[in-house]
Amino acid sequence: MQSADAVATYRVIRPRARRRRSALGRWYRRNERAALGLSGLVTFFVLWQVLSNLGLINDLFFSSPAGVFAAAVAEVQKSRFWNDVRYSLTEVTVGFIASLVLAVPLGLLIGWYRRLSFSFDPWLNFLNAIPRPALIPLVVLWVGLGIEMKIVIVFLGGFFSIILPTVEGVRTVDQQLLDVGHSFRASQRRLFTSIVIPATIPFIATGVRLALGRLLIGVVVAELYAQTEGIGVMIDRAADVLDSGRMLFGVLIFTLMGVLTTELAGRIEHRFQRWRPSANVDLEEGP
Amino acid sequence: MATVSIGSTPLRPAGPGPLRKLINSNERLFYGILGFVVVALIWEAAGDFGLYRRSLLSVPSLVFTAAVQDFGSGKILDDLWSSGIEFFLGFFAAAAVGIPLGLAIGMFRRVEYFVSYLLFGIYSTPKAAIAPLIILVAGIGLESKVILVFLLTFFSLIVSTVAGVKSAAERHRDIARSFGASRWLQFRSVILPSTFPFLLTGLRIATGRALVGVIVAEELAANAGIGHYIEENGAFLQTSRVMLGIVLLGLFGVLLGEGVRRIEKRYEVWRQEIH
Amino acid sequence: MTTSELALSARGVRMEYRDRSSQARLVAIEGMDLDIADGEFVSILGPSGCGKSTFLKIVNGLLKATAGEIKLRGTGKGREDAMVFQDAALFPWYSVIDNVAYGLVCAGVKNDEARRRAAPLVELVGLQGFETKYPYQLSGGMQQRANLARALAVDTPILLMDEPFASLDAQTREVMQAELLRIWNAARKTVVFVTHQIDEAVYLSDRVIVMSARPGRILADIKIDIPRPRPLEVKREPAFVAYEAQIWKLLSQHAVTAATQVA
């Protein structure tokens, strides 16, 4: 383009078009994710109901949302239901807290002594790789089919999920920070409380998230296996008599538990991630 | 005038012996094996000396004997085969459908928003709770197991794939846009390579999920497979065999996990740091 | 300056955005008027966060301005501008040659042809022999050379450079500045160079546009009358130091007045 000066063409870069936004429009832009997400959810249920009404989904096997709702209303009035809920919740809480209380101190200890952590690494990884449901028959041999079995299963799931990240957290404490402690002649105990433990907390939070995700499946399978009490048993009994409304209601209860625990775990982890220098995205592990 | 005396350490006349050197260079491996062996020995000793009832945990020697017996007779091989088929069929079906779907969802922001709550809800549901329904509908055969494995793996993969696409470094997408790359080219040259390491991690997690699916399905209603093997032997108080089944599962899980991890490491350079 | 000689002409460019957490309207660029002639090397200099990178992104099309217009002299074929990004902007999964050829591939050139056209540029920036290496195998300076080559490969009349040497250590940085002048001399592009380092701006440019802190506006447009070619030693000469002092005074004065003003 040497001699075309007189007729040089220009590309014009224009500014962003100004659009008058209504209040609704502005609200939408700010909350787009929630708006679309909710509409997705609503669409799902509406579609489900419509397909059920049209007979494209067999009502017997897979109840419509209306059927589930009706079953729900009926169930919450029965005391047996609340008994089952209490049963399941107890398993989860007791098992989880027990696993937390044991796994964290042990993890800190094992992680701190390098040789110890090397020695335990293969066993911990091995045990962690075993699918929790596979341990059920073994645990049954130990404690029978009662609530103890479910608690132990939940405990085992939580224990290994928490201890592994904890060990890793202790092992990967920034050497520089420890150097700072040493240079100020901090005692072993102070090193631990002021450097190691705070540095490990994000890892523990990750472990908690993993644990909460996995323990729910342990609960469900344990209950289905043992057939004593709990929401899992409610599901099974309903399936037996083809009461799909009640069955799906039970599933919904677990969904609720799952959503709450996942959300809670995510929040906890997020809160403790803030002071981590660079977080590796650890993809979600859920039920 | 005070002098601070920093003591003098005499130099060692001779260096560390050859065994010590070997240990130092492979410390992790050495202590790992040592730990493994020590625990196994303690396990054996505790059982043999009656520190606990053998019916609870069995001992390595008995587990080994059971292994020899059952592998020799070939019975357990059928179960392994059965479980293996369920696993691979379900897993690969889920990957074939889930990964492309996850990529598509991740690419389009509005679509991702639309399905986000739905996905979160289904993902948080323990799929095992649906197991009774599936068994009711599909029976006790191979189909119900594959379906359950599929369900568990599928949602795990979709969620991890979407997360992977979202973390494809914004900067790289900007660069592609800056040079005028078409949407398709952006996908091929930036999004896909960027997402790949995250896909691998997602696959590794999914293998664990799939394994759980296999076991759950088999424990609840089956007459073959490792889950069934464990359950049946549990019912007959054959603790050694129960332990054998568990050990085999653990081994499989570890090997699979390690395998994917190796591949992950190879592509580690492609992973973007999230600040 | 007649319009026909202008490579870039900006009028009233303004950039506002809404801060996500406080929901307040922030002004990144207050109103910029800028004319750049063909073949000029112009630096935009200012403190961090003053909107200079934002301006570049608007020109490149990555952002849309709130108001104002920019005219780029058209070539009749392909794009007019190519951007050299700030630190480590190579794709880790492509080799050097594939990275350099990327802009061409985006424009629709076939892979083999693109590589062929990219090869002389790899040589121009001094990376011959490293075509098949991957970014993680290169040093920071080498990566930036590849970054530069990529933008050169698409042969646009205008080159936009967004603090390309920011992540390099002092010595490498100086070497790269001299290298850039050498390459610019060979390639003869119009360059818009964004930086926050005064000596860098004075050393490289024909003109230095000094910008204030946010909200960014042009404080001064200083012509650098130091003859070319400019070896690195020129940085110690009194004329050079005088320019530096002038700009430094301008910036610090403005910072003081800005600080004493009621927000």
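Note that the chains take the letters A, B and C in the order they are written out, and that residue 1 is the start of every chain.
Here is the rule we go by: a residue touches a chain if its C-beta (ideal position, glycine included) is under 8 Å from a C-beta of that chain, and two chains touch if they have at least 3 such contacts.
What you see is a predicted model, and the numbers here were worked out from it, not measured in a lab.
Novice: Graph of touching chains, which shape: line, ring, star, complete, other?
Specialist: Drawn as a graph, the chains make a fully connected set, so complete.
Novice: Tally the contacting C-beta pairs at the B-C interface and at the A-B interface, and name the larger one.
Specialist: A-B
Novice: Relative to chain B, which chain has the most distant C-alpha mean position?
Specialist: Of all chains, C has its centre farthest from that of chain B.
Novice: Report, in whole Å, the distance between the mean C-alpha point of chain B and the mean C-alpha point of chain C.
Specialist: Between these chains, centre-to-centre, one finds 47 Å.
Novice: Rounded to the nearest whole Å, what is the centre-to-centre distance of chain A and chain B, using the mean of the C-alpha atoms as each centre?
Specialist: 17
Novice: Among the residues of chain C, pick out those that touch two or more other chains and give their numbers.
Specialist: If we look for residues of chain C contacting two or more partner chains, we find 61.
Novice: Flag every residue of chain C that touches chain B in the complex, lowest number first.
Specialist: Listed in rising order, the residues of chain C that touch chain B are 60-62, 79, 82-83, 85, 89, 91-94, 102-103, 105-107, 134, 136, 154.
Novice: Could you please specify the touching residues of chain B with respect to chain C in the complex?
Specialist: Contacts found on chain B: 171-172, 174-182, 185, 189-190, 193, 196, 269-270.
Novice: So in the complex, the part of chain C that touches chain A is made up of which residues?
Specialist: Result: residues 3-5, 9, 13-14, 58-59, 61, 64-76, 80 of chain C touch chain A.
Novice: Touching residues of chain A toward chain B in the complex: what are they?
Specialist: Chain A reaches chain B through residues 32-33, 35-41, 44, 61-62, 115, 118-123, 125-127, 129-138, 140-142, 216-217, 219-221, 224-225, 232, 235-236, 239-240, 242, 244, 247, 250-251, 254-255, 258-259, 261-262, 278-281, 283-287.
Novice: For chain A, which residues count as touching chain C in their complex?
Specialist: It comes out as residues 1, 5-6, 8-16.
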